[in-house]
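Input: one structure, supplied below.
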Amino acid sequence: MSYFRIFLAFLRVSIYVETAYRINFIVQLFQSLLNLGMTLGGLAIIFTYTNLLGGWRPQEVLALVGVYFLVGGIIRLIVQPGMEQLIESVRDGTLDFKLAKPADAQAIVSLQRVEIWEILDIILGLGVLAYALVKLGETIGVLQAAEFVLMLTAGSVIIYSFFLILSTLSFWFVRVENILVIFQSVYEAGRWPVSLYPGWLRYGLTFIIPVAFATTIPVEALTSRLNWQTLAGAIALSIALFIVSRIFWKIGLKRYSGASA
Amino acid sequence: MAYAIHVRDLSKFYVVNQQETGTKAAFQSLVHRRKAEVRAVDGISFDIEPGEIVGFLGPNGAGKTTTLKMLSGLLHPTSGELNVLGYVPSKREAVFLRQITLVMGQRNQLVWDIPAGLTFELNQAIYRIPRDSYRSMVTELTELLDLGSLLKRPVRNLSLGERMKCEIAAALLHRPGVVFLDEPTIGLDVTMQQRIRTFIAEYNRRFGATVLLTSHYMADVAALCKRVLVIHHGKLLFDGELSGLLQQFTSHKTIIIQLDNSTANLNDYGEVESCEDGRYTLRVPKAETARVTERLLAELPVIDLLVEDPPIEEVIARVFAQEEK
Amino acid sequence: MKPLAQLYVQQFKTTLAMMFQYRASLLIWTIGQVLEPLVYLIVWSVVANSSGGSIGDYTTADFAAYFIVLMLVNQVTYTWIMYEFEHRVREGILSVALLKPVHPIHSDIADNISSKIITLPIMIAIAIIFSFAFHASVAPPPWAILVFIPVLLLAFLVRFVLEWTLAQAAFWMTRVSAINQSYFVAFLFLSGQIAPLTILPHPVQILSLLLPFRWLINFPVELLLGRLTMIETLIGLGAQCGWLIVSIILLRIVWRAGVKVYTAVGA
């Protein structure tokens, strides 16, 4: 499919740019490991004092950390860079060049930048997750695995749509450069099970800034905590949000191109 | 009389890594980097008296900006003697910094999101400008640069020309005795360039400041500077009056001739530079000017004829081209 | 001294004007500042509740008080200069600062204090709300409240000078993000941001005594919580003063070396 080829083209550019500096790889690896070490260190301290964190076993929280890094890596690899670039190109007018291309504009702006070193976080996340799964071994069945993949996909779609909606705001408000930073700050809360948090915070992390869908809910699928309402809800939300974000994007695009909305 | 600026055998050399193209060379460079020495400024000497406006002419990379940075203390010389108002710039003493100013085209001191006037007040505090001195300076600069209400608007809402005016004003609030201007008119439209040139001349007249300005626009230098320093590849090619530059480096004259018809071939009179609707521009060796003029008047239907020095840009360009060889 | 005071006043006006432009970013930044201690507050409360109501000498309510005070202490002492400096060196903005007859650290301190004067009331309001929500309270002896002011001021100064000095790594390396992150991770564990130092493993506690971080966060927080004796407070004050002297000396050395490098290679 041609969009895949577009993505490959952007990917190739990123690789050429980044591998020009070998030091980049080493620095990124160091930082990813440091980040992981910090998270695991915090976990180690917590679990010296307790066996269960809000009902979660250490291996389950470890799985959460793995997913946190995995999804965080995916977001920073392909979702966030494109959106940041979009906001910038609206501001300096270079969006016009992309709109002139013979492919769907949304696809182009979504795939346009790949921060390839984030792949390290994805690999680390997968590693931690795999280790945790081994420790959890006996309780993971095919159904849980399937639900996990489903929730991961739904979560990714929700996050992507969320980013797109925020970035589309730049068609109306010029000074939204930092709006994506809000996700970075709030995402940190995803390192812990969202069920730990008081109601108002849990609500905020689910429906206002959908961190829960990225981290806790997929892991709940793995640990048999997922009820069918949440499962159905996540799927429904992902579809709805995707459609809404695309409509919003089209409206924003029309406004940008000068046509009446 | 003490010089405002005293420079003797000033040099700035850089050692840079050589980057090779090609994969084989790239791998080789991982093991062994080849180094090369770049002579940005190579043994230049000059003295400038207080109150002079001196132009620094040269193509990009000639060493103009490097010299200015050394004069303002931003760059350490590799060797040579350097003295501004009696101070050694690289020591960056506060009392020295309070008497100079450097305006660079790309690097702005105005804070972007706030009105320029606020940056002015910040500078007042930084340079410890007494209140009355500050107020009168702001009034004068507003009048001379036609700042009007620009100072109240956020800098990011100003056009490039308006921003440049405010930048220059901000740099002069503390009445520095020595003013360094690095390409002050770059990127501006013709009217604005003219306005800034007029301002610089007026500022120099009113406050007796020593002005050293770099430019690759001949018009800046021709309008403002009696004296020019021509620099290329880090070396000083010429130091003296602009008219002297022409004398020294021109070997040709330009004849502009208007003919009755436009079908004549003037190639055997001299080098035809341009031809438009019967108006020709000819380039002839200086010694032959009289003879060629005679021939033209005798042999062709001439409506008008004018003998000129070649445009200064051309002279400079040829000087540089010669230096390249 | 007076001209310096005027500089700070002018910088305050400048920062105020800039902040009005960046109020959206400010809001986002504040959310981050609040969320981190809040998350640790909740996590430790959960752990305490499942361990019989307390861990070490901290009850659930104690944890809440600890992290709420920490949120405020952090707000007062934090800086952003380490992110900013690399940008300045790379874009040559530092050249503009080097042309001025004052040390650039002054406008940075002024800018830092100015923006906090504006955000601090908001944080205090949030702290009060959290105190009600999490049933936290502090009951320090009156002398502790008095001493808290100079302690907080010292903590701010030491942290600022330290981070400003560290920020100058940008003179020597183009990618300071690794250094910055290492610093922040060390800070997280050794200053008391992740948990009160008394409940961390022994080796960490020993290490924290040797490094400056605990005196910037854990010490002021424990003081206001009324958990320190007068002797312990005096030791802490001594440590803060000592580290202030050390960091100022370091600053001068590193700055001079950094400017030499910068002006040798090209601004």
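Brief remarks follow.
Each chain carries a letter (A, B and C) given by its place in the written order, and its residues are counted from 1.
Following the convention adopted for this analysis, contacts are C-beta pairs under 8 Å (C-beta built on N, C-alpha and C of every residue); 3 or more make two chains touch, one makes a residue touch a chain.
A quick note: this is a predicted structure, and the numbers were derived from the prediction, not measured.
Chain-to-chain contact here is organised linearly: an open path runs through the chains from one end to the other. Ranking every chain by how far its Cα centroid lies from the centroid of chain B, the top place goes to A. Closest chain to the protein centre (all Cα atoms averaged), using per-chain Cα means: C. Chain A and chain B have CA centres that are 52 Å apart.
Taking each chain's centre as the mean of its C-alpha atoms, chain A lies 30 Å from chain C.
Between the Cα centres of chain B and chain C there is a gap of 47 Å. Chain contacts: chain C has residues 21-22 touching two or more partner chains.
The set of chain A residues that touch two or more partner chains is empty. Considering their complex, residues 21-22, 24-25, 28-29, 31-32, 35-36, 38-39, 42-44, 46-47, 50-51, 55, 133, 175, 177-178, 181-182, 185, 188-189, 194-195, 199-201 of chain C touch chain A.
Considering their complex, residues 14, 66, 69, 72-76, 90, 92, 94-95, 97-98, 100-102, 104, 106-109, 111, 113-115, 118-119, 121-122, 124-128, 154 of chain B touch chain C. Considering their complex, residues 3, 6-7, 9-11, 13-14, 17-18, 21-22, 92-93, 95-96, 98-102, 107, 259-260, 263-267 of chain C touch chain B. Residues of chain A that touch chain C in their complex: 23-24, 27, 30-31, 34-35, 37-38, 41-42, 45-46, 48-50, 52-54, 175-179, 181-182, 184-186, 188-189, 191-192, 196-198, 201.
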